[in-house]
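Two complexes follow with chain A in common, the first pairing it with chain B and the second with chain C.
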Partner chain A sequence: MKTNLSLSEQTQQQRPVSWTTRRDEKARRMQSVEPWMKGPVLAQEKIVEALESVIASGDRIVMEGDNQKQADFLSRSLVQVNAKKIRDLHLIISSISRPEHLTLFELGIAKKVDFAFAGPQSLRVAQLLEDGVLEIGAIHTYVELYARLLVNLVPNVVLVCAEQADQEGNLFTGPNTEDTPVIVEAAAFHDAIVIVQVNQIVDKLPRVDIPASWVDIVVEADKPFAVEPLFTRDPRHITELQILTGMMVIRGVYERHQVQSLNHGIGFDTAAIELLLPTYGESLGLRGKICRHFALNPHPTLIPAIESGWVQSVHSFGSEVGMDDYIRARPDIFFNGRDGSLRSNRVLCQLAGQYAVDAFIGATLQMDGDANSSTVTTGRLAGFGGAPNMGHDPHGRRHSTPAWLDLKTNPSPNARGRKLVVQTLETFSKGGVPAFVETLDAVEVGKKAGMPITPIMIYGDDVSHVVTEEGIAYLYKTEGIEERRRALAAVAGISPVGLNAKPAETAELRRKGIVAYPEDIGVQRLQANRALLAARSMEDLVAWSGGLYQPPAKFRSW
Partner chain B sequence: MKTNLSLSEQTQQQRPVSWTTRRDEKARRMQSVEPWMKGPVLAQEKIVEALESVIASGDRIVMEGDNQKQADFLSRSLVQVNAKKIRDLHLIISSISRPEHLTLFELGIAKKVDFAFAGPQSLRVAQLLEDGVLEIGAIHTYVELYARLLVNLVPNVVLVCAEQADQEGNLFTGPNTEDTPVIVEAAAFHDAIVIVQVNQIVDKLPRVDIPASWVDIVVEADKPFAVEPLFTRDPRHITELQILTGMMVIRGVYERHQVQSLNHGIGFDTAAIELLLPTYGESLGLRGKICRHFALNPHPTLIPAIESGWVQSVHSFGSEVGMDDYIRARPDIFFNGRDGSLRSNRVLCQLAGQYAVDAFIGATLQMDGDANSSTVTTGRLAGFGGAPNMGHDPHGRRHSTPAWLDLKTNPSPNARGRKLVVQTLETFSKGGVPAFVETLDAVEVGKKAGMPITPIMIYGDDVSHVVTEEGIAYLYKTEGIEERRRALAAVAGISPVGLNAKPAETAELRRKGIVAYPEDIGVQRLQANRALLAARSMEDLVAWSGGLYQPPAKFRSW
Partner chain C sequence: MNQTSTIPDFVSRKSFIEVDGRKRAQSLFDEGTWKELVGPFDRMESPWLPLQGVAPQFDDGCIVIKGKIGGMAAVAIALEGAFQGGSIGEVSGAKMAAALDLATKDSVAGKRTAAILLLETGGVRLQEANLGLAAVAEVISSVLALRPHAPVITLIAGTVGCFGGMSLAAGVSSYVVMTREARLGLNGPEVIEQESGIDEFDSSDRALIWAIHGGEQRVGMGLADALVEDDAEKIKATIREYVQADLLPEYRSQQVELYRDRITALDTSAQIDPISLRREWNNTTTGGLR
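Let's turn to the complex of A and B:
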């Protein structure tokens, strides 16, 4: 270094004393649990002591609380550590789903949280925040939170779950993979400690999903990890308005734009569409022309469409309780391993949903006049989950498909196509509360929680279509904010937003094809009844699956 | 199925005859190579026959041709198959880098290609397309192409590379992981055949990166896989204009917006910035305040900033030739495994770059008056690589950082922040050709190649800042397309675009802070000389690394 000696000398003083602080600290901590381990396997009864030994106050801890599965043996154990010894943890958790996740804060074991979704616990999160018991770093989408594990939320310890481990510490995560691979990779490759609860330790795994080289501690849980059937909708509860909306989507969106590949958000609206494909869709001659490739969890309501030859492939974020045998019997459709069972993967399915599909469609609870929408309602900090990752036009996409090109309205040679982002909602929700509002509840909630921006789930400028029981607003075709607002008002019924609609303007929008009412696209309101559903009950779904689908107990009401 | 019997009966006829066609076909093909295998290990001399046995005409084949590493034993073997027997393959390849990739088309073994980048072969791709020898599905970004493997480009056979395998077929991909995990996962979990060339078969791997459960055939290559040092820039070639631009970026972008986490594209512009941090950046007191977390490959020019304590973490897409020992010695900074060596991963690093960083900065070759840019020039179909994934504002992001919020210009409660997308370019490229042009060459190239839209690399509406040797255009602050054009013209020198600038308008833009010239942000042009670089040669970089960095031969000119 002839040329910069003085600079180099000066720099010596800025250089860290050690480049291996994380590795050394991990070795020190692992040493302390050595007596309770046999290889990578920790004795179950030592879990609380082990957590007290490998976790230090102030640590960043990832707790696997996914959309569906929960490392609940580890979360139930973590609340038992000595709260005088372990304090002020920074909890990173994609879904705050279980009561003990928040008990950690009440006990002072944890202080700060970065998360993505808090559906079942959203009321309590808001309360603890107000009481100063809990501090929020930020609310993310799922994959955004994992991305930060690789940048500025590098963890010290991660607590995850798998179905089985072998004696060496190799893991079989089973059909419901979800987030385990990315959490473990972020930790294993930056000298964090990887602790895995497994349902069972076995001699030989059906397949290895995560290699032992990435795992530090395996512990057999007291019972199988908790998992929720979040993607199951009983067809019995699908209403005729949802069927009408579904028919409009099939004709006015999927057929119109030749949608081949798509993600369905969860809800009765999308369940209705899935159950209309083999009936209404078939009557329109659309099989093989639309809805061939899906990026979504294995919705039971998709079974009739699969059995009818509509669906060519399904890639999934996670599995769904009761669907495992059905999936195993349909390897041409699902992404199954050599052992026969599903491999899901949230990061890769999000990648598929973001860059490779024509359309996202999802229901929302509340929408303002600019088509901004949110599931945040007063007093609840529900978070975002994965919808925003699907519910936007990915500007990093460069390949064309018929649907993507069909949304290109600008004739400039420098214009690009667009992903379909379709939002469905009924103009009034249960109890007669308008779903279209002047101002989202989220604005007030965000202010009250001290958030730097409003917690909007899907931004209006990302939405291409809004479908209500009244009709379809083709927002992507509108020119300027005013026309956009008028188009939305035209399908907003007699809600506060809908009352802004003027009949003459609406007629003009229908003439221009910016708004379509059912009759404009050949959808007959009278046809919209439950006889049109390919399955009308859980029992029907089981029958369609040839008995392979096994609904969880709470759905077995027939 | 009481309710829908007739429908169900009708559906029976639409139902596929078999749900296991892919699995059965894989079993059949694997059977045919059984005689040449010992476990998962194929005898090297049988590779051509094996490829002829497991590949069928018309198959979709993924060839691992990454940005850096190449499964070249397999590509060299594939061109040797009997072209009468194997024809019309559909090749899926992220980077068309090697001559034999295109020989496949000349021989008729392959017919159609879906790819992301064709830098070294871009001229020949264009020629073969014109000659009708090759058909292009689409040109993608890297992760977009992988996403399609999970949706509508499901492969039949994938050909990838790794450093080592053990006798069971477990893989050590080594520091340069790049795309191997996602390609293998997409294939292994949809009954495609996974063939891996390895440099070496060993008894025990340093660590397992990909489990044997995901691998079908391992073959020891005749020589180690090819890998290019794409991210190495010799500081000797950094010019004073690049230093000036770098100073402006540090003051006018990074310091101004408090950029903490970022991705640097490759090029001398960003190399200059990296080498200015420990000198110019230090003199401004910015250490610890900006540029703490990086998502990028291990650029050798980042060594001085790391050694000076600027950099807290680096997550990488791949490794870089010669950097492995240095990385191994700096585990606090890089993402290394338990064995000590780097784990990189393009999909995860793209995730980090998309959702977790404040800024992307990259150089471009050509820009139009709307800030659209492309590296496509006449007669070449270069493709996109990864830049578009970094070079846009990710609408799926929901957390805030100071930089992200600082780009929020709309006071509405429903407005969001924005990622910094910074493009650098000199107003004239070598040979006096203007870099700012009225119309991108890409428009003509796209037309000629029959592409449905113009192959634009980064769209102007995604760009927040443009930095030239003249100054900075803060495009995100502009209101309306006209002001945007004026701001760009103000930094476009005497190029055709720059000649549209009017002095009075430019003065007003400077007053409003929409354009800044060096003197407006305290950057002294006279200070911009090579003495300011922390390293001025490869030798300097080696010295900074304490001898750990070992440049490839072609860079060892001292």
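Let's turn to the complex of A and C:
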């Protein structure tokens, strides 16, 4: 067709009429709640009506809730919206933790979910999926889920929580800042609506964690947001097998490879290691040589190591209930704001845990003969959380450390080093069930849930070391899949995987340093005693902290 | 940053709570003076548990050890909290009562023999029902028989605590020694919640449980005599003091009027909090506390 229009006029004609549909839609919705607002502050009793006004059916909603803090006032309010008016929401939530999260699906308010973890609700998730009440977009790891908020899971409305707001809408997210900044950022800069529940509206904030210009609606909650003490382990329940495993890790992994910076997963195995540093580690003269920098939540069991001068820095994903005063008193160690309290940040800590540390160590529940591991058990869709992010060797890393270089087995100058990914597990779990299995439960669970691949938590090829009560398998040293399997079998006890081990082959692996039993690395089994722990009870931890650590009631026995 | 590593003294202490009932009892005696009576090699086990599919234990969860404490004769009777929740059955009850009776016999004959009851128990063993109830009655009457002749000292260290029928035995003893982790009460938290509802008592509220049943509160109220740290040496020293103590003219369990008056005097119009109860009951000047 012949035209007299200039080139740029032609392109203008072909483009859509508006470039501001998201902005316009946000303005329209915000206008509808205007009468109930004073500045950015919404009257508490109007929250359900406000949600009905700013949310439309089919919207993508981020509900803030990880394994620690939860925007529970907003989730309890969302359940109350008229299910005839608001339907088929697409929920994006890092941890499905609260019963009302799933009630949303039963009522039809929500239809689809993208999530990372569903620990406490994993059974119900599996049931609702089977009943067709809920559709799963995908199960992610934490950082993946946040990354997708910036790509193809851009939200329409986000529901988050903070400790305090001022009248202008600036937020203090405090020690439990966790995921809030990334969720708000993804929304505020792409014309989504940011709704925040706060414990309190005050005249002056201790510090500003999120500026008012990123926030649309602030509402004071009926009670402080829920937060779980997920990273607290009572030293009373650490067993002597866990102590033996911890001793082997300190000698055979940390000392051997000079591990200076690391991430500890949750669990009694890592709690035992933390409590062995000031005693067993000290007796080996390792203070200052290993375990100086941590990327982890402020585990109460780390207090003795901090107090005895082992730890130089700790950056955290979140805070931990009861640790706030202790953290405030140790600004040299933790990342605290000008107001004195901790500023955590899950995404940044995940980044630190992937690219800046020498080692990840975590316990798992089930492992197959190829060292693939999973915490998924039959009938539950628990998701991944952050473990797969921590528990892998990031190929984008370029800086060297002694530990990273020590795992380089190929002498070529063109080969890379390797992050340590250490998995600990007892060969048999509670009730005499073998932890080493021929086939992971995850295989069947994945099939049943219609997942395209098996929900493996940590892939065997990322695992550099496996430590059991029997010994250590230095998997990174093995050549070929057969040797890997033999090394793993050698530490798998009398589990089905362990029964494949042949004494002659195991002896050869020990000679080559691919497998080590306690006596091979100077660990005396009989020394593995609870008296070796720097703290044997919650009371001991409080004493170490000089009374600054205040355990939550459920961990108190006095 | 702290550059020198200083390990606080409490880290190297010998824990009492951490060890089992047998080691606890042994640790109270003068070195080399003790022997176990009716030990596991005598195989006095419960005839009732196997009938109900429960594996019995050769000592039936009751350890009796005789020896010297501070040079004086003593017998320690420990209930093992890790076996059937330290519950008292026919055999364990008979062992306990018999040991107390032998101590009474010796004491009456001029050889004062103190008894130490190490109670980690939920009370009567449900599988043995009436036999367990009868055992509690026998134990109590044996304690009452020994009490005028030699001290009967109940030691509750934790973590099981002392509940049910055996809390009555604790109540009639001459002295009660507890740690902060120990609990003492007639009905356990779950039982109260089950019988009276969660509004009356939330058995998952650990702060509440210890504010009511915990060692600090029990000693603070004057219902127990000494609060000890979880330190085997300190516990041993405290027990030795009580073993050597003079006999009391009157015991707590005999002061019926005192406690009746105190309960009557309580203002129940508002919720009584643990601290004020401690203040009210322990500062009282109306007579002895035992």
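Note that the second predicted complex is superposed on the first by the 543 of 558 C-alpha atoms of A that agree within 3 Å, B and C clash if a C-alpha of one lies under 4 Å from a C-alpha of the other, contacts with A are read in each partner's own complex, and residues count from 1 in each chain.
As a convention for this text, a contact is a pair of C-beta atoms (placed from the backbone, for glycine too) under 8 Å apart; a residue touches a chain by one contact, two chains touch by 3 or more.
Just so you know, these numbers come straight off a predicted model, no measurement behind them.
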item: Contacts of A:Asp332 with chain B and chain C, given as first, second, both or neither; value: both
item: Touched partner set for A:Arg536, first chain B, second chain C, both or neither; value: both
item: First (chain B), second (chain C), both or neither touched by A:Arg556; value: second
item: Which of chain B and chain C A:Leu348 touches, first, second, both or neither; value: first
item: Contacts of A:Asn414 with chain B and chain C, given as first, second, both or neither; value: first
item: Contacts of A:Asp209 with chain B and chain C, given as first, second, both or neither; value: first
item: First (chain B), second (chain C), both or neither touched by A:Ser94; value: neither
item: Chain B versus chain C as contact partner of A:Trp19, first or second or both or neither; value: first
item: Chain B versus chain C, judged by how many residues of chain A each one touches; value: B
item: Touched partner set for A:Ile456, first chain B, second chain C, both or neither; value: first
item: Residues on chain A lying within both footprints (that of chain B and that of chain C); value: 278-279, 287, 304, 307-309, 332-333, 534-537, 540, 543-544
item: Residues of chain C that touch chain A when the two form their complex; value: 1-8, 10-11, 14-15, 17-18, 158-159, 180-181, 204-207, 210, 214-216, 230
item: Of chain A, residues touching chain C in the complex; value: 236, 278-279, 282, 287, 304, 307-310, 312, 332-333, 530-531, 534-537, 539-540, 543-544, 553-558
item: Contact footprint of chain A on chain B as seen in their complex; value: 1, 3-4, 7-8, 11, 14-16, 18-23, 114, 137-141, 143-144, 146-148, 150-152, 154, 170, 182, 185-186, 188-191, 205, 207-214, 260-261, 278-279, 287, 292-293, 295, 304, 307-309, 313, 315, 329-333, 335-339, 343, 345, 347-349, 351-352, 354-357, 368, 370, 372, 384, 388-400, 405, 408, 413-417, 440, 443, 446-447, 452-456, 459-460, 462, 534-537, 540, 543-544
